[in-house]
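Residue numbering begins at 1 within each chain, and the chains themselves are lettered A, B, C, D, E and F in the order written.
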């Protein structure tokens, strides 16, 4: 079987990271999984939520918010703020991003601080939650490096890298990193969150008005390990890039020149 | 290892189904997984949601709502209606229940009807989402049987039974059907939704500020198959019981006598 | 005149109390007025609301919440949490329950505690507010007895029992404890809240697109006194029963056996 | 006993009606019960609510909204719109006003129209709900007379006048039409809604952390009849006045002159 | 060109102030710009908002709320509280009123107090925001004078008077103080807020699906200066009137007599 | 006086437009006014709002939404969706953007379509509303050109270009296009919306706890004309650029290379 975009079943889409896209954030990155683009930004605030103070939990807190920009989808997605509440799917995804990051961040090392991770989808073409987690980890690393450089932290709270990738069963074959059309037509859709040591943090696998077998689960699992391994390498590259990254002003200049 | 309640690692808690607990519903059951008790009620309404009419989707619709009664937990849980919105966890669970049931209900056979599944947790001791799915399937079967008996349906839309069970890693061992204390202390917590043919409908597995290995995943998977197999037998028994079930008035009498 | 269910005009429906229906609550009861069934649960929390602290009001607080489960009515009642706010009728009833209970509970004896009373209607067949108040008082008594037994309280804050019953004018005759059909067709609908000494706590009487005379008011008043007198005896019996009551686990077993 | 303001126990406060206070409304009145002042305005719109159309109920609809202006109370009352929802007390009162008016308005005579009654409390000194009902009836009469004059209606939907008054037990004596201070210190607080024929539409009587006897209820009932009888005469006078009433522009002029 | 009501292009409508319309407020006035009538009430509370305390801003705070009563418009305007949120236009106007008043009130002289300004439109005929600001300033002056008289303040926080007026381009001519019909048909609509020294506090000028020239802007500006000059004189007269003003009880009497 | 960034008083910041930043939109641009960056995206949907259908208004509709991304400000700005409602300032700005664009778009030429303009602030450094309007016009032009190219429109609904710029009084001098620090410390802050013919669409000028003179207004007005003239030239250049613009995929590549 060949996929619509010519990829092999076990191939990731083109993955890119543009660091420092949101300069007011402590750390930020524009992550692309093919045409899927997500802005991941990390801001570190002093203090912890009220409930932590009350329960006297030591250390800091980390929370995530996920949102799709109205123009990220083919037909306009109404804003949550206009609807007056966060939709169920967004709420589910932001809870997943938070759990994934808390699995690799040592909140005691963080101290009495709150890490806010914001993931805004600029363009959606499948895999927005896996791109969000993969980008969020890079943005955290950049943010913590900045706090280390300014001596606000003595050690990085990031114990190891975490990344996520989707797999699915499409036309009876297990494939990696589905784009929107593949995702829509797949009979099974799974998301794998793993550390750089390829330990699992979270597995979500769901039959789309269909069921799946243990063998299919195994196939998807194998693909996802390959995918995460590659993603982690790219994450490390992006973090290194961030240190010498261009200021956003230069970027805009460049983009402008290029677009002529 | 022996578990606090003396169960073997692969043993379910005591599972019971009290059918027809909510007589105004088309089908209902009070399901217990040990001390966890959930009222599952199904009401079938004529008509489909507005968006289905607009998009001219054929057949019917099925949706689920999940809520914890304020006195189901050890310290009182404020009502969603007082907070003005559904909390993220409840939203996540009710979406899961809906997906699980839609995997085994043929919406075209249902016709232009909407199936409402309500799951209200009367007592929470771990596994409320798996009990909800397992009970919801029984309530649906009872409701559809009633519609068949009154000739409102010609065939049952329920293609096969679906059930759900949790597994986890607790003190380094895989165990089945965790109670609250085990769930709280487990390093991995997974939920498995399967049909009676032991095909997977949904797998959710999450490290609790920890990670897990492929071997642990396999162990939990094996346990869950054993669990679902037993649950399906009990579900069939409950559906048979429901036909000759006592009216709730008699039940209350009996309960009253017994409590003297 | 004979009533549809054969009752005399001054007869209550069959009244039952199943104590300890919600074991995590301090006190609870499933109260039935005929086919109307309400779960009444009391939880006692340490501390008082913010406004009491600010105004330095001595003693404790007591508040009630009332809700109809979606499957309690013949056609499904949408949840308040889905609508984003409590409906006007529910708000009115829960305010009434709170006032009724505060009339017989000595908040100074309670100490710096908050009593939460939750009334969830499992099945609605008229008189849900009167059943709620009657059940709430039993649940409070059970809860306070438990706090006395564990020496958290030195004296019971419950000064006397309170109970409530409806009366109405139906086919030109005053009748007691209306079921849904009678309530729907009655020209006058009244609710009486009284203490065990038959002192009034609250009277609400309303013509349903009709008016009523002083004589009709007197008739309903006389009926309500008879009704409350009987209810109070049953409440005392239920409180005595609660001490030796079966654990919920046994109850479910029993119900299961019976339903075969 | 003499009351703080020198009134006899069975005396109303000074009652006034300023008609046409809100010229854009079909009918309006500023009603005063002593220092309590309420703007009552009626607007008649074509069409009926969606649910009436769906259920094909014949005739029209009537609904009421009640609100306290922020400066009506001694310390500022935050707006419901700032809090995002209507408070329980306001909701209860506007439901009462609606029921009271629907008891005397023939909705079939009204035709496919909706009557909106708005009651905004300009100054609160006890009895705002009874002033609202008493004023709402005058505003309805004025509005219906206008529709009769312009031949939009052939007969008035107002079958008879309705008025309301409070009574209470204060220092062990039954008194009529309580001001705020009396209401605050009364042990019983009751509201009576009656037609001009002195038939009851609604009775609400509530012990304020206290109870009351049948004899006290009788005393309050007798007082309320006297009060409503007087109110109805004043209502008729106000309706007659409204026909030759000054335009609001002249009123403001006059008020301005007077205040010099 | 002559205007529909015969006014010269540079003429204000009839402007009146009825002081002390809301006696529970510290200061209040019913202001009329022709048929536009707004209740402006000022309440001064001890304490400042939470955010001021946190940021340790010295002095007090001043905030405004604006609302249209449902019967102020020709067809009924639904209440914000029923819609669950403040509409965009109201939010914009109340922010403008607050900024206008903060420009002339010295918050440090006010001390640790919060000034609440409520503007409720009783009747809308164009220019409700300019009438609100003009009336709010009078109400503030009255309120501060009362605090000076009772020695709660040593100096008035009101540094100078502020007033507002609208201007527009209607049938190609600049006109002052537009009524609703003129406002609806004008091609340009502008609002000017000025101090008594004719310094600008705020200018808002907007083409209604049209554009405007610098010359037109100059014309409107000249008109607005003339208008504000006249308004300030009337404001001072109103503040003087307020000291000997009739109690609201007398006002109602008088109005009642007059309306016969 | 020299400004902190060395600009002359009448100089704009560096202005750039990156077209097609959001490929799913009909037209989009990332506009920068110095460090202020706003994504402006236009989506054109078939159909018009319900109220237009009801009132049978001919032609189409255009509406705008404005939001600040949480990481656009120096300390994180909570999302409106988390707060459950749009804040007053955002509501004011999106209403302004809508009015500005409706002044230059012929809604009848648009046909039965709705134009959604979304402005999301990626980075805020003063002037986000003027950048939004200036970018929105470019995004509209691109979108309409696309509809012309695909023959969905026969003529462009965009009658002329519109642009906006801020001016203010800072250290007693009128300056153009204020950055955040200048805006914070300015005594007067004004926004000017003009067409390419330098006709005014909207002027908003506000003293920041201060007042301003007619002479200062004239100075700011002159500056704003110069600014808009320059902006319109850059807008036309951006629209021309958009036709040969790079796909976003290439852009990301380039940016990635550059950042090494």
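A few remarks follow.
FYI, contacts are C-beta pairs under 8 Å (C-beta built on N, C-alpha and C of every residue); 3 or more make two chains touch, one makes a residue touch a chain.
Because the structure is a prediction, the values reported are computed rather than measured.
Think of each touching pair as a link: the shortest run of links from chain D to chain F has 2 of them. Chains that count as touching both chain A and chain C, per the definition above, are B.
Residue numbering shows that chain A and chain F use the same positions for more than half of their mutual interface. If you average the CA atoms of chain C and of chain E, the two centres end up 51 Å from each other.
If you average the CA atoms of chain A and of chain B, the two centres end up 31 Å from each other. A separation of 60 Å divides the Cα centre of chain B from that of chain E.
Residue positions of chain B with contacts to 2 or more other chains are 84-85.
If each chain is drawn as a node and touching chains are joined, the picture is one closed loop, every chain linked to exactly two others. Moving round the ring of chains, first from chain A across to chain F, one meets them in the order A, F, E, D, C, B.
Looking at the complex, you find that chain F touches chain E at residues 85, 88-89, 91-92, 94-95, 99, 102-103, 190, 194-195, 197, 199-207, 209-214, 217, 221.
On chain B, the positions that touch chain C within their shared complex are 14, 16-25, 28, 30, 32, 35, 37, 39, 41, 43, 45, 65, 67, 69-76, 79-86, 116, 118, 120, 122-124, 241-242, 244-246, 248-256, 258-260.
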